[in-house]
Structure formats: C-alpha cells, structure tokens
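Take a look at the structures below.
Shared between the two complexes below is chain A, which has chain B as its partner in the first and chain C in the second.
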Partner chain A sequence: MREFIDGAEAIARGALDAGCNFFAGYPITPATPIMLRMLRELPKVGGIGIQGEDEIASIGMCIGAAMTGAKTLTATSGPGISLYSENIGMAIMGEVPLVIVDVMRLGPATGGATTVSQGDVQFLRWVTSGGFPIIALCPSGLADCYTLTQHAFNLAEKFRAPVFIATDKEMMSAQQSVDTATFEKIQPINRVYASSAEEFVPYKIQHLSDTPAFAPVGGEHLIRFTTSMHDERGIITKKPASVDHKGRHLAAKIEAHRDELEFVKHDPQDGAHTLIVSYGITARSMIQAAHNTRANGKRVSTLIVQSLWPLPEKALRDAMRGITRVIVPELNLGQYRLEIERVAHARDPRPVVIGINRVDGELIEPEEIEAEIGD
Partner chain B sequence: MQHEIIISGFGGQGALFAGQLIAYGALAEDRHVTWIPSYGPEMRGGTAHCTVIISDQEIGSPLVRRPTAALVMNPPSFERYEPAIQPGGILVANANLIATVSARADIRAFAIKANEIATEFGSPQLANMVLTGALVTATGMLKLETLDYVLNERISARHRDKLALNKQCLRRGAALV
Partner chain C sequence: MDTLTHSSITTYRSLERPKYPFCPGCGHTLTNDHLNAALVQLQLDPRKTVVVTDIGCVGMSDQYFDVQAFHGLHGRAITYATGIKLANPDLTVVVLMGDGGVGIGGAHLLNAARRNIGITVLVFNNLNFGMTGGQHSVTTPHGGRTATTRGGNLERPLDICKTVAAAGASYVYRGTAFDKDLPARIAEAVQTPGFSLLDIWELCTAYYVPNNNFSKGALLQTMQGLGLASGILQRLDTPELARAYREEYAEQRGKPVLPPSFIEKKYASALTATTRVVLAGAAGGKVKSTASALALGGMYAGLWATQRDEYPVTVMTGSSISEVILSRDEIWFMGVAKPDLLAILSPECLSQMTSQLRAMDETQTLYVVPELAQQIQTRAHKIVFNFDRAPIKKSLALTATAAMVRHANLFPLAAFREAISAGQPAEIAHENLKAVDASEFVI
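Then we have the complex of A and B:
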C-alpha cells in the first residue's frame, strides 16, 4: 500500500508491531511526533501512553513498567538523553529491557532545536557513568525505521538492556511516498521468564555472557532491584568476586554476542578501491553519490552501518578487503571516523580514511561525496 | 521528469502547508514524492521552507540544491532561491511583499500580488493558495483537480468552512500564469 509517511510514523508502527505496550516521554523537538503517535495508538491496543512531567520522570516510568513485564519505548532528543543519563545507568545495572529513540539535533545544549545533526554518536556510546557497552541501531530510511525498531525491541528483550535507536531530525520529519506493504515484519522475541517451579535468584546466570531470566515486579517471585553493585541475589555487595562478576557480565552479555548485533548493508563493486561508510540520513546521500559515480563508469563500494554500537567490526573488516581509501561522511566532526580508523589501521596495508563533515545544520550533498571519490 | 521544488516564506504564511498539498497531490497521482520541512524554533515568524520532489521514479537523495521551481513569499526567500533555480525553471513570487523583479532571462518568473487577491476573497491567509495555483499550473506538475481532491480529504475541521475559497484561490492563481 502506497502511503506518505515520515520516520516517526514508521518507528511507531515498528514499536507497536514488536509488541510495545508502554510509552512515556516528554515533548522535545524533533522527537515529539513519535510521542504523539504512541499516545494516540497505544490505548487502541490496550497499552499505556504517558506524557510525563519531565524527562527524568518519563524514563523512570519506562523502567518501572519494563520491570513489571511491559515492552517499553521512550523518545527524546540529545538534551533529553542528558537528562535520561542517570536512569540509563539504572537500566543497565538493573538489566532492564528498554528502547530509547534519540532524534539527534544540533548541539550542544538547546543548540539547533529544529536542525539536523549526527552529533550524539559517541554520546550514546558512553551515555552513562561506568563505561559499559550499549546497543545502538541507526535507520537510514523508512523501511529501516520500521524494521530496526522491531530489532531494537527484540535485542532489548533478549539482552535485558537499554537499546538505542539513533536517528535525526530529517529522518523523523521528512515525509516520503513508500509502499508500506514491502516493510519487513520481524518475529517478536520475548524475554525469558523465570520458571515458577524453581527458587528465583534475580540475577542468576550460568555463564558471564548469559542474560538472567526475568520475573516481573508484582508477580509470584520476590524481586530485588538496586542501582548499586549487587550479587546474583540482587543484594548490595562490595565483595570483589561478586563485583567483578557483575561488571564482566554486563560487558560480556553484549560483547560475546557481537555477531548477532552486526547490522549493515554492504554494496560492494568488483574492482573498487574506494569504500564509503555512512549511517542514518547521510547514507542516503552516499547511495546517490555511488549511483552517480557508477553511472560515470567509476567504481565504488558502499557500506551502510545500521548498528552503530557495538561497532560492527567484522563487517567493516570484510568490507575493507582490497580497499585503499575509506570515506566517512557524517554530520559531526568525525566521531565515527575514529572507529573506522581503528579498524582500518589494524589492516596491512592501511587504507587512508577521509572524513566529510558538516556541522552547519545542512545535510551532506551527494556532490560533496562524489568530489571526494575523485577519479 | 523530476520536479524539485522549494517553497519558502515567513512562518505562518503557509509555505509548509502548500508543500504538503502538492506532495499529497503527487501521491494521489501515483507519483513518487518527498517532502522535507525546515523551520526555526519559533511558533510564528522566523523562516519556514520546505522542499518537495515529485518524480516518476524512486527518489534517491531528498535534497534540493538547484530547484526546478521556487515559490517565494518574502524578500529573504527571493534573495536566497531566485539565483538557485535551474535554467528553464520557474519562479513564482508574492509581489505584495517582494518589490524586486527577477532579472533572469533563463527562467520564467511570475510576480503575483497574492495578498491583494486573497484579501479580495476575504481571507488574506489564502495568499499561499493563489501562489500554489500559479506554481502548479506554470510547471504542469499536477492537475488542479487533484489539489481539489486533496483539499477535500485533508483540510482541517477548523478551516473546512474555507474549502471552497481555497479552491477558488487556486484557480485565480492558475489563471495568472
């Protein structure tokens, strides 16, 4: 069915089809359209949508709802993520499934409220104190908004962790005609629930990389939930062995599953020595630039990164085979280029890594990328 | 054929709505279309513009740097977009607010006293419809009847009493090009 929709609508539909039944958020340009759609649609499917009194309360409600078993979504922009930061740490520590949309706008501070940016890329990676891994997906089109949102919910459930959808003002507010029947529906995954037959130990795992079974607050089991360092029973501890176990577990449950967390679209061209790597709205210009370049008889490969974090290292390494130049267009001063360089510099011979960067509130144009591809 | 259009004015002049009307018209005519709004943080005033691409093929980048047509409603928009129009392109300008006349010989330029005309219809806010009627007709990008259909479908309850006036303003603008 041909429709005329924006990214906010596609994300909301993805969330609902993934089984989202709780949303809380506070209005902020350019994320408000997601909130408005969730508040409109959730009651129709028996869910709950709340406009909180502020950002801190909103993410708190999401965490609480998630701990009762709800599949929760919240959406904000960079300044809202600043306010979420402390509670995101709480969600990591308490192993709370949660999907958070960051509709990036030009920062810092109030910045350019109605202006596009990709300036939160490293902010999302290191979004809270302690330095633990997070998962962040990044859609570059309407179909992606729908599908990656479903993946985000599934990953949040599977790993009991906050998962980001990193998007931007243009992805959310630009409308486009699209055949929504071609959107890919993903089978929803639900978190593993603790058996009622056995004694429940809130954070019990066999291996560091396992995700503990879940029991809802208000259910048959006694639940312990704390933001402080705790042992498997959820009891505060300073015992080095328990503290070490928890810390390594929070990292391992994501790091050990990196293969499942790599989402990319690789479009290689035989004999190409230049690879362009991009993400989000900027990838649209990259695809156009590659199309124009190939039409002129030149060769170029492209890689759209759909999972920013963890860094899809294997896909990047594979895409760099035979490549001498890597171009990284992004709407910041080179935040993701640093990561690409790290992968590139481990190769022999080392490809040259070149950034195309804009922080003037305008999108990178295909012509700017074509000029960098050169002959 | 790909139409790449910029519609620009002060916030409140209806630039974004004019773009939406055209975009939904394109959808109704089964074309590919993108619409990107750009505006300041102000609720009213400030600048507002939108870009619309209408194409018979899938649209790659939704960016418009050199429009095939521009509809400008205030002097800053004229200064910014008149020079950017592709040769052979079309300019529709609100002559009540823009004193300058395009000196370009390689575009077709229409200066329309849209505020004056809309006021004759009893509603100065409809200046955007006069200009849209002119733009759509001058470019031939859509049928006027398609815009009637979109207005029937999409005009808000608050403005439904002005449905007929909207259509009349579209036609008045169309007659001027």
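Then we have the complex of A and C:
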C-alpha cells in the first residue's frame, strides 16, 4: 500500500521505531521538518523533544540525556554541524550513543538554504579535532531513510558513538509515493548495560576493539564521564600508556568492525566494464541512467554506497572486479571520488575513475551519466 | 528528592582522591568544601546526585566527589545538565563553572534561567581565567590587571546575579567563598525546584591575587565598590521546566505515532509515458496544494508520483513553483529540467522558468494564462487558458490544473476530485469542486 511522504517523515518513523525518546535541535532549513515531527510525536511515547537556544545547546542536551540512558536524535544542516563539531568530539571521547542527521545544503557558510548539495561528505568524515573514525550512513530513498535510521540508532548503541545520517534537501523535502508496507523494520539493539552485581569501572574493556558497558547517570553505579583524556576509571590522565590505549581503542572499536558497517546495494551486470558508484540523491540519477543504458542494450553495473564512513572498501574492491571505468557522480567537486580512486589504484589492472560533478544547485541529469558510460 | 534514611553520609568527597589539585589558598577548595557540607546536610543519594563541571581549574572538581560525575566542554556544562534533568527529573543536578564558563556559555546561562530548568549553578567566580594563565573574564572588575589587561581592564564586569534574576531564575545568591553560611545557601538552592544560581567570589592565588595585590578584604571592597548586592537576591516560585513538560504533555501519552495514511487505487489511468508536470504561479495562489492534489489524484489512479516545491524563504511573496512527476513505474530521478506539461499561471514565476521554457520542444505543452500568452516564446505546443466561464479567481490554479488533467488525459477527473476533497472540511471541498467543475470550458 502506498503513501505520499517525504524523507523527514521516513526518518522520524525510523527513529521512533528504533526507540528514540529524546530530541533536541535548532531550526534550520532543510532539517526543520524532522524536528517538527519529533517534537510533536515524542510526548506520545513518553519522550522529550526540545528546541535548544542554539546548536551547541541542542547537541549538549542530547549528550546529557544520552548519558542517562536516552536514545537521542538531533538534526541540522551544514552550519549547524559546524557548531556541533566540538561536542561531536566529546561524544567520541566520552563514548556517547547519539544519532545526528545532516541534511546537506549548499555551502560554505549559510550558502544556499534551499539548495541541494552533497558538499559535507568529507566534512562529516573529519568533523572534529583529533582525527578519529566516524560512522555515516546515507539514504538514497524513503525506504532507506526509514531503515538506515534504525541502523544508525543500533550502531550508536552498539558502538557507543555518534552516528551520522547524511542526507540532503531533496531527500528531505520532496514527497514521493512509496509502498511503506514493505519498509524493513529492524530489531532495536540496546547498549550493553553494566551488571549491577559487579563493581563498575566506566571505561573498562577486555580488548581494544570492545565497547565498554554502559551505566546511566542516575542508575545503580556511580559514573565518571569526561571530555578530557582519561583512563578506564574515567579519571583524567596524561599517562602515555593510558592515553595510547584510549586513542587506539576509539579507532579500533570502529575499524575492527568494518564488516558490520558496510552497507551497499550492488547491482552488477554480467560483462559490464563500467561501474557507476554513487550515494544519496545522486544514486537516483544513476539508477535512472543505468536503466536507460540497459534498455538500449548496453551493459553497466552500479553500486549505491549506503554507508559513506567508514569507506565500504571491501564492497568497492569486489565491485571493481573486471571493471575498466568507474564513474562517480556527486553534488560536490569530487570528494568521494578521492576515496574511490584510492581503492581503484590498489587494483590491477587499474580502472580509470571519472567524476561527474555539479555544484550549481541542480541535480545531475541521468543523461549526463549516460554520456559518460560510453560503450 | 531522594534522601537516604538508613545510614547517614559523612562526606561526599572521594576517598580515593582526598586532596584537591588546586593551588594553596585557591578559593575553589573552600567552595568545594561548602558544596560537600551542603550535600552532607541534605543527605542526598549520591547515585541520584549529578555534579556537572565546566572547563577550567573548577572543571577538575567533579573527580573529587563520589557522586555521578560529568565533566563537559568549556561553557557548555549547563547544556548537559539541562539534558540530564529533562531526561530524568528525579536527579539533583549541580553545575560547577567558572567566570570563564559564564562568558563563553552566556547564552546557555541566560536560557537556563529563562526556562527555569531545575538545576543549581555554582559560579566559582575568581575574576579571571585560572587555568589558562590569568586572562581577564566577563567578571574582571574595571581596572583589574590580568595577563590580557596589563594596563587595567577597560571593560565593565557583568552582574551575573542581576542578569539571571532578570531572566527569571528561581533562586539567586551572591557571596564569597569565605561565607560561613554558604553550605546552608547551597542546600537552599539545591532544594529550589526551579533554576538556582550562586555567584561565589573567590581568590585565585596564582594570578588575580599577585597581579592586583588582592586579598579577602579587597574582594569584599570590590564587590561593594561596584555596587553589587550580596545575599539572597531573588526567590521565585515558578514551574520547573522538566516537570512542567511532563504535566503539559501527559495526555499525549499513548496516542498513535506518525500513523500511516494509505492512498488506495480506485481508478485507472491511461497514461503510458512518465509525465513531468510543472505548475508555476505566485505565492498565495494555491500552487502547492494544487500540485499535491495532482500527485494524489495520480495515486488514486494507480500511478507513482513525486512532488517538489520551490518558493522563496519569505513564503508569502513572489513565485511558487511545484513539480509533479506521474509514472506507471517507480520514479528515481526527480528533476524536471524539461517539463512535458508546464502551466504558467502568473507573471511572478516567469524569470525562473527561462531554462525550462528553452528546453521544451514541439512534443511538450505549455499551458498559459491569456495575459502572458503573447510574451512567452517557446517551441512547445502552446495552449492558452480561457477563464471567461470560470469566475473563481482565487482557485485559478485548481481550475487550470483540472483543465490540464482533462486535456492531457493524465487520469480520470474523478480521481482529481477525490484528491481535492480528501481530508478537507465540507465547505472548502465544496469550493474546490466548484473550481474543478469550472474547468470544462477553460481549454
């Protein structure tokens, strides 16, 4: 059965079905529709939704709430992500589960409030100081908005880390007919809670790549949370061994689980020598282009990247088997193409990588991609 | 507020870290001891007591207490405290921040007071930044010498108490770390349901004291000299936010969350090729709602549909343009660089239609209101609306679109009629249907 909805609705449904019970945000086009829905709906599930005085306060409230055990969501656009930056670092450092939607609009700065863009792709990767891994999912349709949002919550819980949903103005505000009955509901995962029977050490782990068990502020255990470099007891430290352990742990807890973090939709065609790789709204131009190309009797393979970060390297490598040309359409000047080139360079024979890029605020036309596919 | 009844707690200080890290004579030591005394007096459950610290020397304090300890970013302690209190109103939340934190996080302080969120803020106000080497802060007195005001501070200090009082704080107190009754005042503040703040003046023995020949006596003199009152400066009994929110929204609990609204196929469409339609008009011309009806009508006729709307951020003026795609197949690409059907309804949108008009050719159709028919040059097949027998001016978009639905045979008009009536109050539905009926002679 079909409905007529937009991406904001699909993300809000995904968040609420994943168990989200706290939202704080600050109005900004084109992310506001998510906030409006969350503030309206959360009281119905006994949750809390609030408009902060600015983006810094909004993400700060989310972090505080998350540490009491809440499943939190916030949504903004590029200018707001800039203001979130320092707190995103704190969420990484303190190991806070948190889902952040970036509804990309044309940058830099205030840029184009109602103009579609995919210009934040590398910004999200390196969004805060220190240089640690980030998880970012990217929906290219309404079903994705719903499903990937639930995955984002589950990953945030599982890895106690901020998780991004990178989307854009068109995905959020265009209404589309969609068969919502076929939307995939994911079993919610909750963070692992520390046993109340044992002594609690806030950041104690067995292996570097483990995620520490969680105890809520206000629960049975006394917790120590700090934005500063700390040891496993949550005590501020400069001891090289403790500092090294924490830094490597923050990287390993994500890097060692890259298999679980690869989300792609690969549509290979036998005998195709061209692979198109795209993500988000631009993946839809790609699908249309591939459809038209195949209808003309030519061959082409496609791959939609649903998890931008960490880079789904294995899936990309596999998809490049037998491929001589890789086309990467995106609404920026080639930010993701850099990553694809890195993977392509490690292959023998090495496929050529071609970018199709627009930063004029318009979508990439399927014909522009078809023209690059060649024979 | 949770209190322990079984055994009394003699200290909330950490047994593992009995010695504070502060310089000898630092006021932070005194204020933390007063906080401890207040907690002992209140006998709060340490598990339900949260100390949130800001950055600075004061920011090290939480590690010296055995309570829920939370150390956040510079200036942002109040935001975490607000999130904690909103999520769990049963907790006692105390923020420890410096005068530096007040400066960088001023917006949060103001808004916490204004919202009346039930947290207690202790400002460890030592008139300068201790941790970074004695630079001036928002409370450094006029003339005060600091690392960044060598010749004496030219700026005027902020009256923190007056500021939060004006913003609506429930409890406001000013004093010094030397006040004997500070534990009692802190306890009072903690027991206040709404937002409470204590501005506690202190000595920074490493910087402000040597730079200004400062002392306890000078501290009191400075306060008096600036005309700043001390003691309890405000007590109000206004609703606390975390509880007020729960009371306000209690009746929402259990209502259906984002319930689906399915659109059933009831009609058949003769449409074969994917059709990209643009309705271009003026703000207030019901362009967007008409486009919705067009998309929904298509869905009633079993088609897939998308809709994108373009309008200036100042929504009630200028152009309003909506793009609707109708197709037998799922729609991937949502752009409409080259419309199959373009309806131009008013001059406001003209400047934005240039590239689409240029892209259109003989296989496509332009529908246009009579007053613009002459001035628009296009290769597309041009059809001029005739509204002589369609008197309802304010529903022009509906009438024109209905005429287009008929003319292009997109889907049965009954589907469009159903779409414009669905969910509308009877009166409006009636008006809308009249506008659609009027479309019969428009083309």
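By our rule, the second predicted complex is superposed on the first by the 375 of 375 C-alpha atoms of A that agree within 3 Å, B and C clash if a C-alpha of one lies under 4 Å from a C-alpha of the other, contacts with A are read in each partner's own complex, and residues count from 1 in each chain.
Simple rule for what comes next: contacts are C-beta pairs under 8 Å (C-beta built on N, C-alpha and C of every residue); 3 or more make two chains touch, one makes a residue touch a chain.
Fair warning: this is a prediction, and the values are worked out from it, not measured in the lab.
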Chain B and chain C placed together on chain A: clash or fit? clash
Comparing chain B and chain C in the superposed model, the one touching more of chain A is C
Which superposed partner A:346 touches (first chain B, second chain C, both, neither)
neither
Report task. Scan A:219 for contacts with chain B and chain C and give back first, second, both or neither. Result -> second
Note to self: A:29 in the overlay: touching chain B, chain C, both, or neither? Say first, second, both or neither.
What the structure shows: both
By the touch definition at the top of the document, which applies to A:338: first (chain B), second (chain C), both, or neither?
neither
(Q) A:50 in the overlay: touching chain B, chain C, both, or neither? Say first, second, both or neither. (A) second
A:256 in the overlay: touching chain B, chain C, both, or neither? Say first, second, both or neither.
neither
Request  = Please indicate which partner A:371 is in contact with in the superposed arrangement: first for chain B, second for chain C, both, or neither.
outcome  = neither
Answer with first, second, both or neither: which of chain B and chain C does A:235 touch in the superposed model?
second
Where chain B and chain C land on the same part of chain A: residues 2, 4, 29, 113-114, 170, 173-177, 284-285, 287-288, 291, 363, 365-366
Touching chain C in the complex, chain A uses residues 1-4, 9, 12-13, 16, 22, 24, 29, 37, 41, 43-46, 48, 50, 52-54, 56-57, 59-70, 86-87, 90, 113-114, 170, 173-177, 180, 217-228, 234-236, 281, 284-285, 287-288, 291, 362-363, 365-366
Given the complex, residues on chain A that touch chain B span 2, 4, 29, 113-114, 170, 173-177, 284-285, 287-288, 291, 363, 365-367
Touching chain A in the complex, chain B uses residues 20, 23-24, 26-27, 30-41, 59-63, 65
Chain C residues touching chain A in their complex are 46-48, 50, 52, 60, 62-63, 66-73, 76, 78-88, 90-91, 107-108, 110-111, 245, 249, 252-258, 260-264, 292, 295-296, 299, 303-310, 313, 331-335, 337
